[in-house]
Structure formats: C-alpha cells, structure tokens
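Structures for review follow.
Shared between the two complexes below is chain A, which pairs with chain B and chain C, respectively.
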Partner chain A sequence: MSSHADNKDRQFLAVIGDEDSVTGLLLAGIGHVTPPPDSQKNFLVVDSKTDTATIEEAFQRFTTERKDIGIVLINQHIADRIRHRVDTYTAAFPALLEIPSKDHPYDPEKDSVLRRVRRLFGE
Partner chain B sequence: MSGAADREAVFPTRQSLGLMKAKLKGAETGHSLLKRKSEALTKRFREITRRIDEAKRKMGRVMQIASLSLAEVTYAVGGNIGFQIQESARSARFRIRAKQENVSGVLLPTFESYLTEGNNDFAMTGLGKGGQQVQRCRETYARAVEALVELASLQTAFVILDEVIKVVNRRVNAIEHVIIPRTENTIKYINSELDELDREEFYRLKKVANKKQQDVAAQDAEIKRLKLEQEARGKKQAVADEPETSAGPAELLEAEGDEDVIF
Partner chain C sequence: MSPQPPPLQDTETPLTIDDLLARYLLLLDQYTALRTTLSAHSSSLFLNLARSRFSAQRGAGAGGHPFGPDNYDMRMQAGRKVRVRPSASSAAEPGPWTGHGGEEGVVFEVVSPEVSRNSEKDGDGQTEADDDAGEHTSDEQPQADGDDIKPAGKLPIPSNDPLRWFGILTPAPLREAQKDAVEMVEDVIPRLASLDAEMVAIELAVRRARKRRGKGEIAARKAEVEQERAEVIAGEGGVAVGC
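Let's turn to the complex of A and B:
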C-alpha cells in the first residue's frame, strides 16, 4: 500500500501551542525548519492575539499538506478554538494529540479521542 | 413466502446445486474466521483504549512537571527565553520513526522516538545563566515528548483499529444475515425444483410404463387371438385334412357301411 510507504517519511512532530508549551517542546529538540527556498516551521505559537484563521491554516498545513509530520500536538485550549476541525479530523496519519498547557489544566471530557473511547464503552 | 424471493438467480440444476453448496460452505468458513478475527481485534482494541486512558492521565502529570521545570528556567535565566529558542530552532534533534505491527492481518503503526546525533540548536541557550536549569528542562521535556509519542502511537492504533473493526463486523453481519440465508434459500429452491422434476420424470416414466404394459397386453391379446384363430383354423384344417389323409380306410369303412346300408 502506498500510504504505508508514505508513513516511513513521517519523522517530525508539529506543535500548535502557547508560548510556554512550544518553548518547552522546542527545548526537547523537536523544532525543525525546512531549508531556505520555502522555509517552513513545524511549530506555531498562539497567543490571545492570534486569530482563529491562522490556527486553522496551520492545522490544515500540518495535517494535510505536509507529508513529513507524524504527530501533531495541539494545546487543548487552542483545540477548543478550532473544535469543529479537531472533532472532524479522523485520519490516522498524522496522529493528533491534545496536550494540556500550563494555564489550562487537562480536561479529559473535551478530548476528541477520549470522547470516542467513552462513547464506545457507552459511558 | 418472503424468503423465497430472496435467492440468487440460478437455474435449478444439479451443477448449480453443487456450486451453491460449495458457496455455503465457504461462507460459513469465512464467517467463523472473520468472527474470530473480529474478536481478536476487539480484545486488542479494549486493551488499547484502557492504555490510552491511562496514558492520557499520565500525560497530564508529565506535562505539569515539565511546565514547572520551564518555569524554573524562566526564573533562573531571568527573562523569557521563548523568542530566542524559537529563532534558534533549525533542525529536529528529536525525531520519530513509524514501525508496523501486525495484529491478525491489520498493520498497526507504532511510533518510535530517537535522537539524532550531533546537532544541538540550543548550545548557546542559558550560556549566561541558568544553564543547568535549561539542561534539566530539556531532559524533562524530552521525557514528556517520549510519553506523548507513546500516546500518539496508541491513539493511531486506536483510530485504525476502530475503522477495521467496523469493517470486519459489517462483513460478519453481511455474511451471517444476507449471504448465508440467501444461499440456503437458493439451495432449498433448487432442491424443491429438482424434486419437482423428479416427480414429473417419475410420473412420466410411470405413464410410459403403463402405456408399454397396455401395448404389450394388447399385443399379447392379439397374439393370443391370432394363435387361437390359427389353432382354430388348424383344427378345422386338421378336421378337414383328416378325412383326406385317412380317406382310404374311412372311405373303405364308409364304403363298407354304404354297402351295408345298401344291403
């Protein structure tokens, strides 16, 4: 299957998060900037001034356009802002993961995957 | 009967009966195999969902610790290092690799993290002060990301398994509720038609036999009649012949008699 051949190339993680989360994850060494001609970062810093369209655009780019990203990390409070996109995203690759942020504690009720888990177990 | 309508369009011949029987057998084998596959996948699926639940909770804790260590860094460096770090990110040190695991014919990807050697984008970060905290923070975050990668592979497996289980269950149900009843109906139909043909054939043979018997009887009667006739004729002839063959003595006797009478 061709999709499996593609998955071999997915070797980066991408982040959409607030400044602290992104800084921490970059410190861990996940940051990657593609070579100059069309230089693309694999992270997006979102603050209160960032508008939703930008987040959606980055989400779109990380999940569908770029083929080298295996996991997309997104802060839960940012995922809430584009909740419709996150909930309708069902593809296996790249994996979408909602992570807690410093200011917003993690709420399992909102997580799209955990909600599916709960629905399957009829809770 | 509603079931009678739900059958395959075949001619009721012995050959198609054989085909249908083979099909039914195949469907039953396939059904049991798929059922077992579905059960194996569901078992795996339940295990994965349980692990996801655990991992998500663990992730909450790990990220909290990581944030705390980042706060330490901010405090030690004495200012926000976010901008500096975002600008100095060049090439990913922490990368992932997708591997595949085979669970009853379904390929489940698992991510595996690895560190590339020899590139360090943040060699200068915390050079002035707080270098130790930066180092510790990096380690903490690296551990956090490892947990996240593990969770991501579980989640991917979850999504894929969910899909596959749905497909397999759909197939199991289709075979159980559509294909098997229909094939059974077809077999029933073919059997009834064949029985009907048998009965027709039997009746026809009986008729033919009857007719033959009648013919034979008629022939026998004819032969008998002819024989009788012939016999009768033969007797007559014999009666007619006898005076001729024994004409001498008869005539002699008659002659004597005649003479007697004359006398």
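Let's turn to the complex of A and C:
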C-alpha cells in the first residue's frame, strides 16, 4: 500500500469520456496539460472512431504510469469496452469511478462497485 | 437524506461480521443516493451544453461555437485539484465518507488551489469553495488578468477559467453547465470515491472475519471429534475392565 506522502502528489482528476462529458468536466477546471516537451493531458475524448487500444492505453497511463492522478473518471459505456481491465482494477490509487454519459444513462447492473457488492453477498 | 452511519470503533476487539455488514449496507445506501445525485447533475450538465450550442448556433449562424475539443486551450492548468487525506484525521467530523480509523481509510477532496492554500496556511480547515471558477488563481501562475505580468521567456498566461476558451460572451446555459460540473467535481465525485474506498476496506475486513470464523469452526469440529473419540475409547476401556 502506498504511503500518505505518495498520495499527496495525486492531485489531478483524469477523465476518459465522450465529447460532452469531457467538455463538461473541463469546464469545472480539472483539465491539466503538463509542460512541454511531454505535454501530457489528463483527459481523452473518445468518439466512434477511437479504437479500444487507445482507450486501454489511456487507462493504463492514468491508472499505472502517472503518479499524479488521484481519481480517474470514465464513462460507463466506454468502461464497457475495456470491462476486463476495469473489473480487474483493484488498486486503491487512483480511485476509479464510472460516470454516466449523454447517450448512456447510468446502469447499476454494470457498475463495478455494485458487482463487488453482489459478490460479497454471495450472489 | 439517508442516516449517517456511526463511524466504526477503532478498538482492539474485532468487529463482528454483522457489524461490518450493517455499516456496509449503510454505505451502499449512501452510494446509491449519491449515484442518483450524480445522474441528475450529469443530465442537467448535458442539457445545458446542448442549450448553449443551440443558442450559439442561432446567434452566430453556421460558424457558431461548437463548445468542443477544438476550442480547448491546450495550455490549461488544473484549477481544481484532488487532495487525499487519511480518514483518521477526520475523527472529529465523522461523516458518511470517512474511513474507519484504520490506516487504509482515506478521504478524497477536490479543492481549488486558493482553498487548499488557505487551509494549509491557516490550518483551520477552511473548505468553502468558490463556485465561480473565473475567480480562481492557480498556485503556479500569477493573476491571468494582468496582461503585463509574464514569466520570463514563457508563453502568455492562459486564463484559468475554462469558460474563456469559448469566447468572452458565453451563453448563460454554458455558465449553468459549468455550475453543474463544479458541483459534481467538488462534491459528488470525491464523496463517491471516498465511499468506494471505505467499502473496499470493509469488504476486506468481512472476508478476513469470514476466514477467521471458518477456521474457528473447523477447529471446534476437530475438537468435538477428538472428544467423541476419547469418550468412545474411555467407554471401550470400561467395558473391557468389566469383563
């Protein structure tokens, strides 16, 4: 388990979502681009042309490689595309939350937290 | 409003599985309630974004603001940041999203740098966030309005208010969308993350307790069998002596 000192550096939210979700969350001021030459963004806009490998790569980057991310937000319908990765993600940091999108309302059946609840109660 | 679960005791006696599950169910109740709140804010956000696009297209003809990735300022700096603190420090204010006093319990907060700087300086835990992102200044940057203030050899300082990416005269629905987003980011999302962290901790505790109980049951059964065997042997011995 990582120490509290390590977690202090986890100061950004990251988002993997469709255009409206990302635009909305960036309006709240969570967007961050690191200085060049890296210029790493903490968001990925996913559209119909975005392939699953790109989403997986962003998920990997936000959850494993970058140590400055505290919370990762991902649209539930996009999480469905990498469900195996999302459901097997067990690290405490960054926290992972599935959020609804414009065209795909929140579905409790797919929520990884509620899946865990069902497992705990032996369903 | 759902009732606030009492914080778990941090005593030496281990909590029973029933205690843990009772707390878990209360957390689950809060989680589902917060999920409903998040969905409501999201719907409002998406509706306001659609309204702002509509009004911009009417006002500016075919070349209206799309309010999308093309307008993002790629020099953006986070105006709201995550703060992770151990839940033990929040013992004075036990809430639905505080941990149970163990080392693994954490609380997520999202604060603007202004708030975080004040609370660090004062140490008085000031948490009132300013909803208007336009008034925030970043830790790393001087006030964006002062055009004459420039760091040596750097690009001009971008405005810290994302609304300005979309022009000076932004439609009212876009400002409403921003309010929804701020509420989600500052309030609902960190609480959901904290609840999730605590639920994970309780799941682990329940599994450990179940394992312990299972081991205890096996040991008790073994002891029972041994006792029965001893009684049988003793009985056989008594019969042999009687003969």
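To be clear about the criterion, the second predicted complex is superposed on the first by the 119 of 123 C-alpha atoms of A that agree within 3 Å, B and C clash if a C-alpha of one lies under 4 Å from a C-alpha of the other, contacts with A are read in each partner's own complex, and residues count from 1 in each chain.
Keep in mind that, in the parts below, a residue touches a chain if its C-beta (ideal position, glycine included) is under 8 Å from a C-beta of that chain, and two chains touch if they have at least 3 such contacts.
Note that the coordinates shown come from a computational prediction; the quantities given were computed from them, not determined experimentally.
Aligning the shared chain A places chain B and chain C in steric conflict.
Applying the stated contact rule after C-alpha superposition, one finds that A:39 touches chain C and leaves chain B untouched. Within the superposed three-chain model, A:26 lies in touch with chain B and with chain C [touch as defined at top].
Touch criterion met: A:113 reaches chain B and chain C at once. In the superposition on chain A, contact is made by A:93 with both chain B and chain C. Steric collision with chain C, judged by C-alpha atoms after aligning on chain A, is confined to one stretch of chain B among 2-10, 92-100 or 218-226, namely 92-100. Where the contact sets of chain A with chain B and with chain C meet, they give residues 4, 7-8, 10-13, 19-33, 41-42, 45, 70-71, 73, 92-93, 95, 97, 99-102, 105-106, 108, 111, 113, 116-117, 120. By the touch criterion given at the top, residues 1, 4, 7-8, 10-13, 19-33, 39, 41-42, 45, 70-71, 73, 92-93, 95, 97, 99-102, 105-106, 108, 111, 113, 116-117, 120 of chain A touch chain C in their complex. Interface of chain C with chain A (complex): residues 24, 28, 31-32, 35, 38-39, 42, 45-46, 49, 67-69, 72, 74-86, 103-104, 106, 108, 110, 112, 133, 136, 160-163, 174, 177-178, 180-182, 184-186, 189-190, 192-193, 196-197, 199-200, 203, 206. Only residues 4, 7-8, 10-13, 19-33, 41-43, 45, 70-71, 73, 90-93, 95-97, 99-102, 105-106, 108, 111, 113-114, 116-117, 120-121 of chain A touch chain B when the two sit together in their complex. Interface residues of chain B, counted against chain A in their complex, comprise 49, 52-53, 56-57, 59-60, 63-64, 66-67, 70-71, 80-82, 85-86, 89-98, 100, 107, 109, 111, 115, 121-122, 125, 134, 137-138, 141-142, 144-145, 148-149, 151-153, 155-156, 158-160, 162-163.
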